[in-house]
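After this come two complexes, each holding chain A, first together with chain B and then together with chain C.
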Partner chain A sequence: MEGRPRALLERGLCSAVDAQWLMMMMMMMEGRDCLKSYDEVYSGLFDEKGHRKDGREMKEARAMYARGNFVSQAKGSSYIEMNKTKVVCSVFAPREISHQNEFSTVGQLFCEVKFAPFSCHLQRQPHVPDAEEKALSVALRKALEPTVCCHLFANFQIDIFVYILENDGACLAAAITAAGLALANGAVPMYDIITASSIAIIGDKMFIDPTEREEHLALSSPETKQNHGVITMSRMHGLKQIADFRQIGSLDVDCILKATDILEEECNKIVPKIQMILVRYINNGIIQQKKLAEAAKEREAALKIKMKEWSSSIIKISD
Partner chain B sequence: MAEIFKHIYPSKYFNDYISRNVRPDGRKFDEHRDVKVNINAITSADASAAVKCGNSTVVCGIKLELAKPKAEEPDTGFLISNVELLPLCSSKFRPGPPSDHAQVINNIVSDIVMNSKCIDLKDLCLVHDKLAWVVYCDLVCLDYDGSIVDACIVAIMTSLKTLLLPSVSFDAETEEVKVDTSARLPLKIHGLPVATSFGIYEHIPRNIVLADPSAYEEEMCGGVGANLIVCWNKGLFCGIQKFGGSNLSTEDEKRTLVLAKEISKLVEGVIETCIKNDKVK
Partner chain C sequence: MAGVLLSRTEKVFIIDGVKDEYRSDGRSTIDYRPMELETNVVSHASGSARLRLANTDILVGIKTEIDVPKPDKPALGKIDFFVDCSANATPEFEGRGGEQLANSISNMMQRAYQSPQAFDLKQLCIFEGKQCWKLYVDILILECGGNLCDAVSLAVKAALFNTKIPFVKAALMDGGNIDLQLSDDPYDSKLLDVGSAPLLVTLCKIGNKCVVDPTAEEEKCSSVSLIVGVTGNRKYYSDDDTEELPAFQPKCSAISMHGPGSITTTTLRNAINQGIIAAVCLDEALGKTVVRERRDIEKFKRHSYGFLK
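For the complex of A and B:
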């Protein structure tokens, strides 16, 4: 990281003072990582007992908090929190695709993933979507397309918006799970519940549900030819199908197969939580509907009595 | 049934409620929604607050940066607020550059914060003509259900109140800057402006003033957003703005001023308690 301001300075793009400021800013925002060597950062991922920095075991995913009905104005919405990673997702009712000449026989999904300006440790440029946001949007759409029954709403599009309030790794996995929950919450026809999980691999170590630091280190390639990379996999539980598989970094085949098995298990662990949330909302809906039906019956009965009174009074008048 | 009626004949649906002296969500005309505040939920920001006014949700995150002060004002720092109305918070907003409505709301919010003089920009200057803090306040709306300015002001003020500035040492000769994030000092805040929104609904025999309108009520009252925003700062009147909609009688104006004062006291209490509880933790 410290190379960037220096490069700017050398090319004469900024003054010496500016470069110093930039560097200082980066050091402040990035923490002390930028001055350390790869090995130092690597050993910084573990505590004395060999656990991860946040006290988790290597195979332990973060506890997840999820809920639906988060945004009152949307058709379906959800909020997912995995320790520091916080994601909001909302889904709107299908609408006709504007500015389109051809008729499309299958419905389309429009996905947009955005980071909050304060979501990362560096200040981000708001409004203009950067490369990472665009890549995540496409990845999300690809993962959701096999899950939603697109043929049921021809020539229509469903808008899915994901907002990452805070990013501490595994944000694509969180975004996919959140979008799946929001779609189900909004009663969009789907083949199955979709859940996603992510893993970071450095050498022979596998970090399940990685934090940002672990993810960053797995992607910054060291000199050696060891395994490194991040895999995000989304899975449809009931159909036992993989909806999307995304691997960045270089890994050997055995490692990928092993990681896939682990990810499958992790994805399955999330499913009961999502099912529980959905069932709870349906239950609440049924109770609500019963109440409304009872109230309607009472009103109808009252109206009938009134009608009798009126009709009898009309007869009296006509007499 | 009522839901369908609401969609096919919204004005009649709303009018039926108003003629029976009640609002569609069961509130009285002068009743406002509950305010919930949570602070420091986002650890990647230097200070943050999440605010819920009824369904309306706003999250404010503050990021600090250093910069050189403006040449015209070498003793002042910068406080930059930015309101984002995300497409996910309501179907009214589309993705893309910020809409006019978002910019208008941003202007109202920054005007209120600046005019109340609750922050002295001179406090943000570290070294004369050399170094000053830039406080970026990003306000994001996660759920747009009316009275968004109220929620934005609560969010920005709460996060500014909890903001801790790192100590900075500046070497005048080498112009070297050192930031010590372990030693932090709070920013001085000289007041607490609280805004209260009202919608004015055209009704016979007299127009009706609705405190803290929801998105649906705002739509029914005409105009974009709330019709009237009254701002009080610790018992001092610090601003009133009226945007389109129906006309407001003088008696109603007086009533809204008094009502806004009461509400602002309550909201102040909520913010103070929230910060106090966080300190105890």
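For the complex of A and C:
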């Protein structure tokens, strides 16, 4: 593929800048279908049966794998995988806010979202956070603020790091759910479990839990005046409150309200899974503690026997 | 905002008032405070506007530059928002204090202008895949009296309405490079179609109700606000009334929440509806004002006030 622009350049048919540009276009073409027309890309989202490309129904979210205790160095951590979206989150113990002049009466959350350099089609710059990462970090902080009991650790901050290993759409929703799980796993005081879900809308079609292609198309420009956009909503299940609501695109009110209902349901569907994981960790913790206590008892008993032996032997020696 | 201290009884007074749809300054829940707007205030910018809403003072300048379009969007121009929170506004902005707020406002504007139904970037295209206009929207916050997002979006729309882009007189193709000759005549320029540009409306949740354009005291009583970006109606921004335009339906181009609180689903639904109603009223008022101002400028009738008023 790269041969063609180079050949054009060698024959002097185009300038060096043009060849470079062509090459870039071709490289991108393989990953993103930017040279196809909008309709072609749109029809590419479905297979022959009218299902989505990965075999899901329109209303079907991807299966989720979630676990806690993923990073041994962190106080709390979690890992969430939704097919090709993979997210790691770690939470560290509260520490005093550095470089601050005034005393703050409520604690703060410091969130950082990072994409792995190999996470997307585009090569990302490591080290320097780009605009998307910054925006995601702010969104994550806004979503988590209502659910953490910030007043309990005045003048302290909790660090939350999210690392996106692979991004195939709905990464903010995955990040929020992962961070909620990691916070609970790290025993940070919280009001409620927080879960998030995302939806992409193109015309009258609603893609629940969209993949990257679906998300990308929902944000790009159709010629018509139809609805298009992406909504991410995070919800606190027990309190029945919406912690954060983000929408981009162009949608009419009825569509947004309908999507809100669907998202609410989707968020609720995740809650039992998260609860189950947390309960399992607590159970495991209790079992572990019992085992440790038993082991300690055994050791103590053994020690007592040894002590008796020693003391008797000491008495013997002194005799 | 800074420096407002409210006793518990004062808070109760405001919250209970809003519950019965009464506000201490007599406005309804979708009314804005009076504003002052002046366009074409900065001579070195392609378009500019200054807006004063109560104590909030915003100056927007728009610079244009020729740029190369993105490879995956060859037919689109670019628009960039940059917010600067001057330390004059409040002492909190000193140093890097205002950075977070500035970022969140510019992010919100970028998202609201993202959809082609909100702002069509095709009008900034010069040569497809080769050259396009890039608009730098510089937003300067001179004084901060609350409700920044709304004021910024109004001022930006007014400034974009006022923006003039010079016509291209001639283009010289040299290999792959293009040399453009721009028109020197300031009157030989095109105006942008900004009728559909979005306005942001901040809905401040007080009790179970929401109010737009909260005063500093009202802001103190609320823990969360919802920001809704609503696309504008072209009808209010066209010069000739005869032009037939398709039926208009306001659409949301961005929604976001701000503040440490959370809201219920019912409140969210009501707030979005309320925000759209408020935005449509606001859009009509802004449209009438800027069109009148443009007519005045054309007839040399306008008094320039600048900052001296």
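Rule of thumb we're sticking to: the second predicted complex is superposed on the first by the 267 of 319 C-alpha atoms of A that agree within 3 Å, B and C clash if a C-alpha of one lies under 4 Å from a C-alpha of the other, contacts with A are read in each partner's own complex, and residues count from 1 in each chain.
As a working rule, contacts are C-beta pairs under 8 Å (C-beta built on N, C-alpha and C of every residue); 3 or more make two chains touch, one makes a residue touch a chain.
Given the structure is predicted, the values throughout are model-derived calculations rather than measurements.
*Asks:* Report clash or fit for the pair chain B and chain C bound to chain A in the combined superposed model.
*Replies:* Result for chain B and chain C: fit.
*Asks:* Touching A:T260, do we find chain B (first), chain C (second), both, or neither?
*Replies:* second
*Asks:* Determine, under the contact definition given at the top, whether A:H121 touches first (chain B), second (chain C), both, or neither.
*Replies:* first
*Asks:* Figure out whether A:H228 sits in contact with chain B (first) or chain C (second), or with both, or with neither.
*Replies:* Only chain C is touched by A:H228; chain B is not.
*Asks:* With both complexes overlaid on chain A, does A:G249 touch chain B (first), chain C (second), both or neither?
*Replies:* second
*Asks:* Applying the touch criterion given at the start, work out whether A:Y163 contacts chain B, chain C, both or neither, answering first, second, both or neither.
*Replies:* In the superposed model, A:Y163 contacts chain B only, not chain C.
*Asks:* Which of the two partners, first being chain B and second being chain C, lies in contact with A:F92: first, second, both, or neither?
*Replies:* Only chain B; A:F92 stays clear of chain C.
*Asks:* Of all C-alpha distances between chain B and chain C after superposition, which is the least, in Å?
*Replies:* Checking C-alpha atoms only, chain B sits 16 Å from chain C at its nearest point.
*Asks:* Mind sorting out which residues of chain A both chain B and chain C touch, each in its own complex?
*Replies:* Dual-contact residues (chain A): 17, 21, 24-25, 28.
*Asks:* Which stretch or stretches of chain A touch chain C in the complex?
*Replies:* 14-15, 17-18, 21, 24-25, 28, 32, 34, 106, 134-135, 138, 142, 145-147, 150, 219, 221-222, 225, 227-229, 231, 236, 239-253, 256-257, 260, 264
*Asks:* Please give the residue numbers of chain B that touch chain A in the complex, ascending.
*Replies:* Residues of chain B touching chain A: 1, 41-45, 48, 55, 57, 59, 61-63, 65-67, 82, 84, 86-91, 95, 97-98, 136, 138, 140, 142-145, 166, 175-179, 181, 215.
*Asks:* Help me check something: in the complex, which residues belonging to chain A touch chain B?
*Replies:* Listed in rising order, the residues of chain A that touch chain B are 17, 20-21, 24-25, 27-28, 70-74, 77, 84, 86, 88-90, 92-93, 112, 114, 116-121, 123, 126-127, 159, 161-163, 165-168, 296.
*Asks:* In their shared complex, at which residues does chain C touch chain A?
*Replies:* Checking each residue of chain C against chain A gives 71-73, 76, 100, 103-104, 107, 111, 114-118, 175-177, 224, 226, 231, 246, 249-258, 260-265, 268-269, 272-273, 276.
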